[in-house]
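In what comes next, chain A is part of two complexes: it sits with chain B in the first one and with chain C in the second one.
== the complex of A and B ==
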């Protein structure tokens, strides 16, 4: 899935999530199928029950952008729940960090006892678990780790279709690393195979969050498209995927409407982080999507609704008529609106000097009329209402 | 020759770019010496904003630019700084080419037999004249007046460019281009119409048509040139009418230039007079002041008909001094021509005093403005005193050059060491 969320300050956050499920009996490894063998061996032979590795570059600006979809600290973060069959957890942890360092070309081999801890209360297993023995948990963070193309390439290789088809074709390094925030993560956990939960499957969840900001400086240019963000468009869905969707957050924020082209396959509403949000859904597996054009380039346009903004200005003519400025504006709630006018002083002829000219000149004060919005009006019986309701 | 010019251009661009980015840019663009009601940048922005609002830009008393200028900036508003830098460079380039052509012509005009025998030291040698084009370009590019005018984004730079192109077209002998640029220059600010006379005299000289009132070819050529000029002017004015669909621009631009209703202080002579005048006489004095600009054309044409390029220079200077809303950009334009007449240096009598007057007045302008407007301890008389001194300095400078030019011509034909009938040394006196 790809989730595109326009951010309040004009940027856009793209979150990819790829989930691969491996139906394997624990302990007996038979057939990897779509699950990457390198990670499968960690589960099968190294006694890893849950693995969460996140590589992040940049800083999620919560004050400007809002809540992040997936939290991760800057640098490399690794926390692992081992299976209870593991005898020496520290030795297994050291070996695991070396293996992961080799798989992801990151310097995770610097993880050792000097920077690993065993939290007792902060982390709980995210998958199926038979009780939580905290001695099987290890956590380490390397804040100085830098994420670059060498980390992205092995990450992409873990995907079933690689970067050749589906949503992963958008993941090109030259655009992803020119972003304000980049976070890629790998999560492995055991899940129920079906509703009855008789058997256990392994789920590999690969997520990548990237934030693009527009630094062009011109106000109001907040239009985004897949091509503008990734310099690629999607040509086909991954044939191995059972589900491939793009979600675009089209909720109205601060009176801004988001228009998406081409028209989405469907609309989806959900309550996210306490707010009701609307998502436009593009289903890449539906045949109608690639019917009209061979490639899909989702475009977002931010538009302000055209409410009445009326300005009438009649400039002055010296010694003949004054300025007239009438404006109809909507004042946002709980705010202060300032209107400034720049003026130049003119030299007066000697006959035009008023008495006591050093006193200065008077400006005509503005007069305003408040037009209450229709929603706040109540029906009033005008004949019986007392005086103060008409003020 | 091209390499030093390129170096000068690079230096000029650097200076302007540095000033654009500094905090001085805002300060300079507010100075009344640099931005007049006719060519201030804030007024252009105001006019464009009024146009966007749907109101005619000329409905207020603020905007006095021509419609062609509005449309130029309508499309180039994002690149305004670049436009002004390019126009400055274009002017300097055309002035450079003008001096180059002038210098080449000078080489051909060495008619030694017409001159007296001992005037060899007065004739300009090619060695001396080699560096004049570069000096002209430098004099325009690095003149503080031009730099300030460009940084303030005053449309005076664009007017100067048009006039520079006109001068270049005239000296190259192309009557058609010269008429077109003169029409544009007149359309922008009314006064370059007086440059018609020197341009005509130069083109006649180039065609070897003698200036005699009885000669048919003289009248024929004059009619041709005048027709070209008037037709281009009419075309440009009609184009402006169609751009904005009204004739509002004529009273707003030309009526404003001629009737001087806005009395914002500037480096000219009009504002104080009209602020202190009785209403009864204002029309009379407006006419007198405006005639003053146009009046000198005829006597100068009679005196300088053999030397139309010098006439052009003096006419430009007269326009810059006596126009209704002069700015330092106009002063910079005629000052760029001074290196062309550097051979007159030995005949100039007051050059030191006059250059001191001009420099000191330029430095005192902001001081007295501050004292008048902000400190409140001076009044408009102080500022007008400096304006008067500055203009008197300019007038004396031009008359000094004029006198020097006439003296040199006299010496060329009568010999350098004048002698009276009885053999004693004679002095040349202007009567």
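== the complex of A and C ==
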């Protein structure tokens, strides 16, 4: 899934989430299909029950952007729940960090007892758990870890379709790292296989959040498109995917109008973080989407209703002509509108002083005309009506 | 080809020679796999060119066929995603930003603080901690041809790692000798692009090593061209011209090492590149560039046809029956406040009192008995 949310201050956050489910009993694994073998072996042979690894570059500005979709500190964060069959958790932790450093090309091998902790109350397992003995939990953060293309490459290779089809074609390093925030994560956990929850499946969830702020075009317009953000468009869904969707947050404030092209497959409403939001949904697996054009480029334009607005301003020239400002604007009801204008004072020549300069200068008052009644009147009335109609 | 058919008579002498000749052709270069160890030893943004050097060689070597699993790439600093890089996720080797050598599928095995003299020597000699992942190991054998490329800042007899330590030419020579004794290489090509680079190969004494350097002792190696948009020099001269030379090479090229020795004469490089071939058994004339920069791909083409039976039914073994849980499993509660605040704090492990405390108590008891005499001991015990 891809979720596109415009941010309050003009940027846009794109969150990708890829979920791969593997129906295998823990401990008895030999057949990997879509689940990557490198990670599957961690579960099968290394005694890992849950794994959460996040690599983040940049800093989520909560004050400007709101709550982040997925929390992650800058650098590398790794926390793991081991299975209770593991005898020496510290040794398994050290070996695991070495293995992960090879898989993800990150210096996770620097994780050791000096930067690992065993939280006692937080970081409860996010998957199925039979009791929570915190001795099986380890947590470490490497704040100095850099995230770059060599970390993205193996992450993309874990996906069933790689970066060849589906939503992952948008993940090009040159655009993703030219952003204000980039966070990619891998989560493995056991989940219920179905509603009855009597069998265990393993879920691999790969998420990537990126915030683009630097494409607002002329006049700070908040228009964007997939091509502008990622310099790619989508040509097909991943054939191995059972579900492939794009959600565009089209909730608006005030009088903004939002227009998304092409027209979405459906609309979806949800309450997210306490607010009601509407989403335009593009289902990549529905045949109607790629009917008209071979590539999908979702575009969003924001418009404001056209107010009649006219401003004419002619600046003054010393000793020649005064300022002229004419404005035709619509004022909202029950409000106060202030119009301010800045000016500079010039020095007078000594011959220009009047006899009583202690008075100061007089300003030409603005002659405004609030004219609702005149506009509403019909032309005939102007000639014949009594005085009160012209007030 | 030329193999004896099961029911045919033994091949005669004529055919035997044919077989031998073909076998010789097959094993001409006597190596069966290729490895590359590419090291950039410099940290800091103004040493951008060293990372660009290493990545350019990485690109060429990949293009000529060596896969990532056989390349150990060590970059001492991150230039691509450096905050000072005006084009993130790129490293350019030509000005005007023509060629991005960082690309989209780079795999860096040792990065940042991991690039140390110790790790480099461990990679070479194979004396690596057991939990090191495969991608960080040089798993070469006695039929491997290894290319070792190093770049950074160097001096007469040493190469600087990350501005904090050095490797000397003696250490390097000993490491190669260890590799030889452990049969970790068949032939080795060592290329170094630093100031006074020739000093690094002066001390080699193991057989089958060929070495190239960008400058002689007493000379500096110079950089090629700065890019005003990025603000630093993008590449060093010697590697730049080596790369131009390698661009002409493709996996089936027959170009030999003598041509590589001619690359970058003094007129272009300002320094005098050097090479050393006395330890190498074969004549450089007979050594192909692809023996080190490319990968061995022995392909045997057969004229036999194998027909697949289209009527084979798929055989699926039923997966073993899983035991289902008796009651439904559930997820853990994320914030069980009551349970958390009533947790007993973990008992601290008991440690025997430290030496200072013991000494203090011994002093107090001694003073007590000195003052009051031994006869009071029975009151205590």
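In this section, the second predicted complex is superposed on the first by the 305 of 391 C-alpha atoms of A that agree within 3 Å, B and C clash if a C-alpha of one lies under 4 Å from a C-alpha of the other, contacts with A are read in each partner's own complex, and residues count from 1 in each chain.
Basically, a residue touches a chain if its C-beta (ideal position, glycine included) is under 8 Å from a C-beta of that chain, and two chains touch if they have at least 3 such contacts.
All values reported here derive from a predicted model rather than from experimental measurement.
Q: Could you figure out whether chain B or chain C reaches more residues of chain A?
A: Comparing touch counts on chain A for chain B and chain C gives C.
Q: On the A-aligned overlay, A:67 touches which partner chain: chain B = first, chain C = second, or both, or neither?
A: Neither partner.
Q: After superposition on the shared chain, which partner residues are touched by A:293: those of chain B (first), chain C (second), both, or neither?
A: A:293 contacts neither chain B nor chain C.
Q: Using the touch definition from the top, say if A:235 reaches chain B (first), chain C (second), both or neither.
A: After superposing on A, A:235 lies clear of both chain B and chain C.
Q: After the superposition on A, what does A:115 contact: first (chain B), second (chain C), both or neither?
A: After superposing on A, A:115 lies clear of both chain B and chain C.
Q: Kindly classify A:350 by the partners it touches after superposition: chain B alone (first), chain C alone (second), both, or neither?
A: In the superposed model, A:350 contacts chain B only, not chain C.
Q: Scan A:314 for contacts with chain B and chain C and give back first, second, both or neither.
A: A:314 sits against chain B, while chain C stays out of touch.
Q: Residues on chain A in contact with chain B in one complex and with chain C in the other?
A: Dual-contact residues (chain A): none.
Q: Which residues, counting only chain C, touch chain A once they are in their complex?
A: Interface residues on the chain C side: 78, 80-81, 87-90, 100, 102-109, 111-114, 129, 131-136, 319-320, 322-325, 327-336, 340, 343, 346.
Q: Provide the residue numbers of chain A that touch chain C in the complex, in ascending order.
A: Going by the criterion above, the answer is residues 25, 28, 31, 57, 94-95, 98-99, 101-103, 105-107, 109-110, 120-121, 124-130, 132, 146-150, 153-154, 172-174, 176-178, 192, 196-200.
Q: Would you mind writing out the residues of chain A in touch with chain B in their complex?
A: It is residues 311, 313-319, 323, 342, 344, 346-351 of chain A that touch chain B.
Q: Which residues of chain B touch chain A once you look at their complex with the stated criterion?
A: Interface residues on chain B, with respect to chain A: 42, 50, 53, 55, 59-62, 261-265, 271, 274-277, 279, 380.
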